[in-house]
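The structure under discussion is supplied below as structure tokens; questions concerning it will follow.
Note that the chains are named A, B, C, D and E in the order they appear, and that numbering of residues resets to 1 at the start of each chain.
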Amino acid sequence: MIRTQLLDQHGDIQHGQQDLIAQLTDKHKIWIDIELNNNNRDMVQSLLTERGCHPLAIEDALRARHPPKIEFFDEHIFILYRGVLAINADLDITHLQLAFFVSGNCVISVRHGHSKGIDKVWGTKQRYLSESPLHVALKVMHASAGVYLEQILEFESNLSDMEDEFLQRGNDQMMAELVSYRSRLVKLRRVFNYHTGISDVLQSEYALESTYISPQHHHDIIDLKDRFDRLYTLVQMHYEICGDLLDGYLSISSHQLNNTMRVLTVITAIFVPLSFLAGLYGMNFEVIPELKWKYGYFILLGVMAIIAISLLTFFKKRRWM
Amino acid sequence: MIRTQLLDQHGDIQHGQQDLIAQLTDKHKIWIDIELNNNNRDMVQSLLTERGCHPLAIEDALRARHPPKIEFFDEHIFILYRGVLAINADLDITHLQLAFFVSGNCVISVRHGHSKGIDKVWGTKQRYLSESPLHVALKVMHASAGVYLEQILEFESNLSDMEDEFLQRGNDQMMAELVSYRSRLVKLRRVFNYHTGISDVLQSEYALESTYISPQHHHDIIDLKDRFDRLYTLVQMHYEICGDLLDGYLSISSHQLNNTMRVLTVITAIFVPLSFLAGLYGMNFEVIPELKWKYGYFILLGVMAIIAISLLTFFKKRRWM
Amino acid sequence: MIRTQLLDQHGDIQHGQQDLIAQLTDKHKIWIDIELNNNNRDMVQSLLTERGCHPLAIEDALRARHPPKIEFFDEHIFILYRGVLAINADLDITHLQLAFFVSGNCVISVRHGHSKGIDKVWGTKQRYLSESPLHVALKVMHASAGVYLEQILEFESNLSDMEDEFLQRGNDQMMAELVSYRSRLVKLRRVFNYHTGISDVLQSEYALESTYISPQHHHDIIDLKDRFDRLYTLVQMHYEICGDLLDGYLSISSHQLNNTMRVLTVITAIFVPLSFLAGLYGMNFEVIPELKWKYGYFILLGVMAIIAISLLTFFKKRRWM
Amino acid sequence: MIRTQLLDQHGDIQHGQQDLIAQLTDKHKIWIDIELNNNNRDMVQSLLTERGCHPLAIEDALRARHPPKIEFFDEHIFILYRGVLAINADLDITHLQLAFFVSGNCVISVRHGHSKGIDKVWGTKQRYLSESPLHVALKVMHASAGVYLEQILEFESNLSDMEDEFLQRGNDQMMAELVSYRSRLVKLRRVFNYHTGISDVLQSEYALESTYISPQHHHDIIDLKDRFDRLYTLVQMHYEICGDLLDGYLSISSHQLNNTMRVLTVITAIFVPLSFLAGLYGMNFEVIPELKWKYGYFILLGVMAIIAISLLTFFKKRRWM
Amino acid sequence: MIRTQLLDQHGDIQHGQQDLIAQLTDKHKIWIDIELNNNNRDMVQSLLTERGCHPLAIEDALRARHPPKIEFFDEHIFILYRGVLAINADLDITHLQLAFFVSGNCVISVRHGHSKGIDKVWGTKQRYLSESPLHVALKVMHASAGVYLEQILEFESNLSDMEDEFLQRGNDQMMAELVSYRSRLVKLRRVFNYHTGISDVLQSEYALESTYISPQHHHDIIDLKDRFDRLYTLVQMHYEICGDLLDGYLSISSHQLNNTMRVLTVITAIFVPLSFLAGLYGMNFEVIPELKWKYGYFILLGVMAIIAISLLTFFKKRRWM
């Protein structure tokens, strides 16, 4: 699926399909938005080649999975961004590969599915395109990062609720959740690390040497960078908090185990000798003198009481009870 | 709520509301202090726009939550600082978003609630404003960081007391506390990391290119940077100490568990065979020859003593007792 | 084994053995591919010396094991790469030392066994050699890194399947597997760290000072660097995920142990006192008054019921059941 | 307490109190050593102010606790160093705040108690002061760092002895010691990290721009830096070793627990069924046919032997014994 | 012990003692090799002072223990290297302090014992000295690092064997070994970190400013740097692998403990209630109606079977068996 926005020198915007591309002159600006599907890969590849895109960049753009990156070519800036197709507050994410080819009067976005970020900016019409094609790419990424941010802040508030409950009454399911959060956060961290790499490059001195980046972009790049950095540090922080919770729970549950075992040991230590004594005098030997004693039973009860009390005192002293 | 301090060329200060802004000339300096509430957001937004603040900066300033940052605009320096609305020695913190727009003769502070840092500096009257608007922002942040510092030092002394007790007699509650301290410290660390980022930028060569920062600010910036660095390294150190305590407790309690279980095992190992023997001769078979022996009971007692002593010797040798 | 490709100024390619080297002029380009074996080490050493290779570089190339590196000599660039002789999705890898001597019209590849990367590029005939000898080396490394990548992505999908199962039903074998994955990943990480070092050097300003690297190589170097970086960050991520899984499993299994022990303790705590009572009245003393009571048995049953119910209530309250 | 050393152009030294300060001319060099106490704070503050010290530096110097730092002022270099009032080989340390104001012909040392470092250098008389006031500060820090070093090397040898014993026969007290060592080492590491920061600044190009630092100081600065670096890396290494020991002990004791529990389980598994059988035939039912059998008892003994042997074989196979 | 090699302008070499030093002219090169012992410290100190060595460098060279370092003086380069007196594949190392004073025509090596590195290079005669005195120092360090490398590669292969066995059948001794390997590796890592620091300085632009380092040394410095880097990354990798093995073993043994305890719990849970019932009917109350029942014994056996089967089913369902 290909759709286009063509902006003329009077600020008038025209919507269309692939046909608008032919009308593009130096006085126009155009945004070509391409959704890849199983049938149009070859067509898209030749379209991009015609528009002067570098073969190595096209190859990366058409791949379903490639780390985010930015690369400067003579004819365009190539940005590969990992957006979000679906996400929930459990950080269960389906990613969406999103490529931008940005030049002086043209921005081409190539995506492998439906993108919320593209939609938000496409709706604003000429607002960003009239500033520059790079603005379109920056704003799409800003909007997409906003989708991540929203869910991470919701995750944060869920995690905060879990924290208290977890330390009180951790259970297997919560622990398995924490473990899989960590695994998702570590994957997100890698993605966001690449994204901060992109904004670092955009903000660097070196980027200004590109024809398609000028000081007018400065504050919008900072704005994007702030968001990418925030995502990165939030995700890193939550990753550490999840790990610390699991570590802390380990200490707590190890302490509780110790208590449990002390209870078990105290019970065993007291009753096992007593039961042994009872068993002893339950034997059927013909000759067991004590059994004939008049007060044998009561003496034994006394002995048992003394044993029990001594052991209890002993364990009290060792602070096991 | 808006309040203002207007300083004229003779060093005389005038307090007022929004109306004083109109009197501002090149010969005056002004501090406009704005507390946001539910009703004045639009009014504040237009006030800031009128005073030449950049839309992206205004957006950040009005948000209730945004990572601390510093950004240089042509018309002003924008600083976003995360202050403290309430804090206690358990590091339970409610943060307060605090924004500064600093220009040649004007500093605007925008906050989302009551700020202790602002209060302290507001009370000193013209002292800092007469030096420069940037001094006001630096001193407010310095005072606010002092509030953090005070509580962290109190926390430090509490933690130090806990340390000894914890290793002696750790309990569930202390462990849960340590775990939640870690989580709070990791959040503080992130905030302080952003703050050290701000002071690093202010101290850099690059900052001197700004119209509103000059060598006269050098030592006051260093003073702020020292405090931010100190907060960061203190918080990082306490985070590590809490983690090390939990790790150490895990080792200790694992060792104690081992001891507990050895006691249990020794008791079990000694009495279970003896009890079995007693049970054996408590059976009611018609033919159990040993029961008829004259010294059967005494022989068995002897056998039991031998078994018990052998096992005790064995466990002594294995250092289980 | 030595084989060669000689490319003349008309783009015609000629395949042969060592003899083609003699035909090399300024107008030709040549790729000399050498597989080391037990017999040809001396011959290879003298061939390389003749072709002007530095003794320290030859020494490194002939070693069976040396960390990957890049070094610039006046006569050539020397690249030592650690390729892959065999690999599976369990990351069980046999490495292959691969050295390149790259100059203006000649690339020499020296390897200690059969290389898939070499094969792939050798098959493309003149395509890369016609661009430059360095292109050949870049493309061989790119192809070889592709072999790693394929297996790591397969490993990733296996690991992802394991993740869910592991937390549900971890067993000894899975854990031992995770531990050995970690050890393999840490070794791979070291190799890939060296490889990213190579591409970092190739991409640096400093590399352009070499006669044999020019701006035309820029995007192909970036392409290689992307792949090396991706391998490094993937391997690092999986290393962390494996570690986090093991850590998480430790917490989970510690929690489960606690539960197990509580079950054991509850059972013990209830039945041990009851059994003691039963044992007590199983004794054969001549005088045990309770045994004569008409309702003695039923009273005891009642007492036992009360004890059992009290203990059950107690453990319920402590949430042990 | 204030004491002074005044050195004239002929290399003659004069000792005295505060009065010697008045004699100071361009041709003299002076070292003013001040020990703060409860009474002289105001006097010291005005003295320092008179001598041209910057108010922010004076504030830092008079505080009882401030992170070590170095700052360049026009009139002097300000160094804040954390020395040692008392230390033992258990790394139980009482710190001592020590401030230096270094200018062309004057060094002022301000301390909050008795300093061994100061004493050592004070005793050498004119040797360092004749070189430059900065030399005095460098040598005091070098001597003070030597005090740290001595104790850390003693600690190292103690730790090394503990290592072997710990893994053999760890006990609660040793573990608690290791945990508190870690906490002390982490605090020392923070201090030493600040100190290396000071020597890094002194050694930097930037420091040479100060009037009071010249190339003649180079090797003495390196000498100080070596010692600070050594302290830092030693402390960091011991911190890691202590942590590794605790971690390792955890693994060992977890392994031992497993063994202990297997012993317990084997004993229980063997005797509990046998005891049950014995109990069964100890019941007083009127009709229990087996009890009448002539060889009942012997058959049961045989059955018990078979059960015991089978279980033992089973546990042998599972390597539990 | 002092021995010397004197090389004249014709490439002829002369061996001798201290006396050869007197013959040294601009046209000669000399290597003075000094082994310190208890008697010659003063003599060595004055010899070094005569040869123009800096007092701070001499102090460092004569110390038995000082971190490795490099420092540039006007008269010479001073390198302090930590070699190896004895080492085995368990990484049990006795270090050897080795100092070099390198100038234009003279290299002095000062050591605290017998050095294998020195021996290897001393035997090559004029080969390296004829190139430059710095070459001698570089080659001695290269040879000495080779001694480390050999043992670390042997250690690697031992560790690799241990890995498999450890996860199968870890025992106390293997764990204690791993723990002490870690402690030795962490100490080695610190040494190698200092060594890479030395080669980093030698390779830096800054080093070329020294009179005694020229571009001719470049590839030999790289060669040394490669080896130092390799040692560092190998040691770091093995340190991590040992730690990961211990961590992994902890998880595995915690899992096994869980299994052990479940076996114990199942056995206890089944037999304890049955034994209680048996005990109940072993009591000697005059009135226990069930004992009179004709089928009492068989009914009880049935009840016991039902209880046992129910519990077994229950535990099967909870996957405890």
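Keep in mind that, in the parts below, a contact is a pair of C-beta atoms (placed from the backbone, for glycine too) under 8 Å apart; a residue touches a chain by one contact, two chains touch by 3 or more.
Here is each chain with its UniProt name: A, B, C, D, E = Magnesium transporter CorA family protein.
Here the structure is a predicted model, which means the values were calculated and not measured.
*Asks:* What is the shortest path, in steps, from chain A to chain E when you may only step between chains that touch?
*Replies:* Graph distance in the chain contact network comes out at 2.
*Asks:* Both chain A and chain D are touched by which chains?
*Replies:* Touching chain A as well as chain D, we find B.
*Asks:* Where chain D and chain E touch, do the two copies share over half of their residue numbers, giving same, or under half, giving different?
*Replies:* different
*Asks:* For the identical-sequence pair chain C and chain E, what's the CA-based rotation angle in degrees, nearest 5?
*Replies:* My answer is 70 degrees for the C-alpha fit.
*Asks:* Could you tell me the distance, in whole angstrom, between the mean C-alpha positions of chain B and chain D?
*Replies:* Taking the mean C-alpha position of each chain, the two centres sit 23 Å apart.
*Asks:* How many Å are there between the centre of chain B and the centre of chain E, using C-alpha atoms for each centre?
*Replies:* Inter-chain centre distance comes to 37 Å.
*Asks:* Do you know which chain E residues sit against two or more other chains?
*Replies:* 247, 249-250, 254, 256-257, 261, 264, 268, 272, 275, 279, 282-284, 288
*Asks:* Based on which chains are in contact, what kind of graph results: line, ring, star, complete or other?
*Replies:* ring
*Asks:* Please report the chains around the ring in sequence, anchored at chain D, with chain E in second place.
*Replies:* Listed round the ring from chain D, with chain E adjacent next, the chains are D, E, C, A, B.
*Asks:* For chain E, which residues count as touching chain C in their complex?
*Replies:* 163, 167-168, 219-220, 222-223, 226, 229-230, 233, 237, 240-241, 244-245, 247-252, 254-258, 261-262, 264-265, 268-269, 272-273, 275-276, 279-280, 282-288, 319-320
*Asks:* Along chain E, where are the residues that touch chain D in the complex?
*Replies:* Interface residues on the chain E side: 54, 56, 60, 66-67, 69, 71, 73, 169-172, 175-176, 178-180, 182-183, 186-187, 190, 193-194, 243, 246-247, 249-250, 253-254, 256-257, 260-261, 263-264, 267-268, 271-272, 274-275, 278-279, 281-284, 288, 290-297, 300.
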